[in-house]
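Chain lettering (A, B and C) follows the sequence in which the chains are written, and residue indices restart at 1 in each chain.
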């Protein structure tokens, strides 16, 4: 059994059954936007949602992660274990799941990170497939993240009259189990064919915005390091760090000590940082190795389209469109990449 | 600063031209204040205790320095204190007191004390560091207790405290707030020094720039953002003046001189 | 238990990734107005097990961590201790300078790729140190001295701002005295007692005669120095692979993750801090 069906009106019941065993985090409305949050009532879940303000990376790489605690006059760090409440990430889009996959590669690269590892193990991912584009900023078609691939336990697809759930892991199977709310799928091959057809059709609804295909992208970045586009982007950037905070694959962090009020001890923690902030690449002597906003923006793009390919053979842009959506200065990933693509073509 | 084993660190609070709201924040520290008092003692705190002492290690100076008399007083405090902390926006950047600079002294006197005939000393409002050396700055109107505690702990352990050099937006986004520009409001977040935990914007208010202008604001980028949202530089300036006139006038003077 | 698990040949258990090992300062020396020398010993008596060119993360709880180059050679007589020399420039180093013999410290590491000793072996080595660059290079120099027969001709060129800024003056006297090492030192600005060379480090270059086919140059110094020294070395016919540099970046995690030390596609903490010029040449942010 790899597929089960679910009547649409039974979705809250499904969520409710999850809540009995897990903390369920799902997209909920926040003013006119959406955020992932722990839900109390299954009715809060908004499956028809735009990418959330912050991606679900916040559950895998929290903004503050305690690495351990210490007591005064003792150099050993204690308490390095973390307890993660068994959690279900419900309704994650395929782009966000791909983002988690990217983080997984980074944090499992030697030396593997125990904190991320433990969180990853404790979080069950139930995806929700996008059938229509979210807005004009997403580039999931070009980045090839539109369809479910890997990195989830269960994928929910809306096939019109009901949902089809694809079970991708033993954990996923454990959740579906013998729960009577799910319907049996008579012929799995038929369902598979139907889903494939659905995916073939749905892509027509998605506009391709980047004037280069997946294979060309890396070549374009190979010739764009000194492009004047970076000057233009740098001029507009206000270094607010929003693009990196909202990026599903940005993982840079800082390490800080926080002492207790009575100074008897404290904790060492890992906190989100951003390569867009002025001091990020500054050494104690004062030398700043990425002083200009243009070089910091370039660095961000190269970490998505070039450095990550060199290091992990993978693009670290998942096409969610968040960086463009959130940028007050209207720095658009699509425009930037298209500009580079144009220059690349002209130079040929 | 290094602490000897038994002696508690003596902290003194002083106020100058201000509303004393930041001192009031200290009284709101409640439990945290109790924790802090395990290794510190407060020896001057007009709002809460009647004791007075000139023997202290750390001076928290609230308010802008205006009159000649204030100047002398703050110099004396500087002499007594091992560490002097400018506490709150009036002390750090001049704060709302800077608005006085929109008028001549005579005009200001006339507006405030109209018709009353008595000699009154009205000086130029200045942030503390323009009069004496300041070791650390805790910005905000009012100061944010979370930051105050963080700064004090950090100073007490010998690490010192540098407020963030990034804009308010950094912390605002981490709180997953809907951007106020998106809601059609003028927010000073992008040009204002962060560290407040996006206090106002998390409660639906815009940022008023109370923590002062960033050290390196992106002027061009900022103008773009304003234009795009249909605002003018004048509108931004006007909003910024509330807290930052001391620096704005200062800069004006500096450019005029050059 | 921790020490055993941290032995080099074994994998570091995940929980200890960020855990510093306890160590004690056994000797200090104020080297200049701003630089202080520390000899450190692990509380469990284990050696650090480093290679010249590697770095460690020093940790003082409450203050934080800082990456520091190791200035002693792993061949040092007393292997149970190692040495660092740290300039007072920021919060952490200020706190570190206040520590003295008997005080405790935390250590993570050693991290990074050291100097390519195996390649240097059997060849001539030209060492160029500017300012604080002598810190990791002292580790290499003393390594070479202790294994002198493994190397060909050895030349040391040293530059610093003024005579008072010279670090490891005791070592320098040794090096100067040694017959099988060529040693030259220059200062940017002399003082009345200074009888040596005056001028930037490149002024020593004309006097250096090397066999370009069998010489490796190991250069460590401030960013500004690299450009000029590399140009001189290339002029002398060294290939890009024969020039070895060490970069200073803001290593935070030391594990190739946090992003602070990244230059283009490489992480200085993991891929470096030592690189050949050939490796760095194409990286826009390296030099």
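Methods note: a residue touches a chain if its C-beta (ideal position, glycine included) is under 8 Å from a C-beta of that chain, and two chains touch if they have at least 3 such contacts.
The structure displayed is predicted, hence computed values, not measured ones.
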| item | value |
| --- | --- |
| Pair of chains whose C-beta contact count is the highest in the structure | A-C |
| Farthest-lying chain, centroid of Cα atoms versus that of subunit C | B |
| Averaged-CA centre spacing for the pair subunit C and subunit A, given as whole angstrom | 39 |
| Intercentroid distance (Cα basis), subunit B paired with subunit A, Å | 38 |
| Inter-chain centre distance, subunit B versus subunit C - centres from mean C-alpha coordinates, in Å | 43 |
| Residues of subunit B touching at least two other chains | 157 |
| Residue numbers of subunit C (touch at least two other chains) | 62-64 |
| Subunit A: positions in contact with at least two other chains | 259, 263 |
| Contact set on subunit B toward subunit C in their complex | 2, 157-160 |
| Parts of subunit A lying in touch with subunit B, wherever the complex brings them together | 30-33, 35, 52-54, 63, 235-242, 245-246, 258-263, 272, 274, 277-279, 293, 326, 328-330 |
| Footprint of subunit C on subunit A - complex, ascending | 67-68, 70, 72-77, 80-81, 106-107, 109, 111-114, 117, 225-226, 251-257, 259, 263, 265-266, 268, 273, 275, 280-287, 289-290, 295, 299, 302, 306-307, 310-311 |
| Residues of subunit B defined as touching subunit A within the complex | 32, 35-36, 38-39, 149-150, 153-154, 156-157, 165-167, 169-170, 173-174, 176-179, 181-183, 189-191, 216-218, 220-222, 224-225, 228 |
| Complex interface listing, subunit C residues touching subunit A | 12, 14-23, 59, 61-66, 87, 89-90, 92-93, 104-106, 223, 248-250, 252-253, 255-260, 262-265, 284-285 |
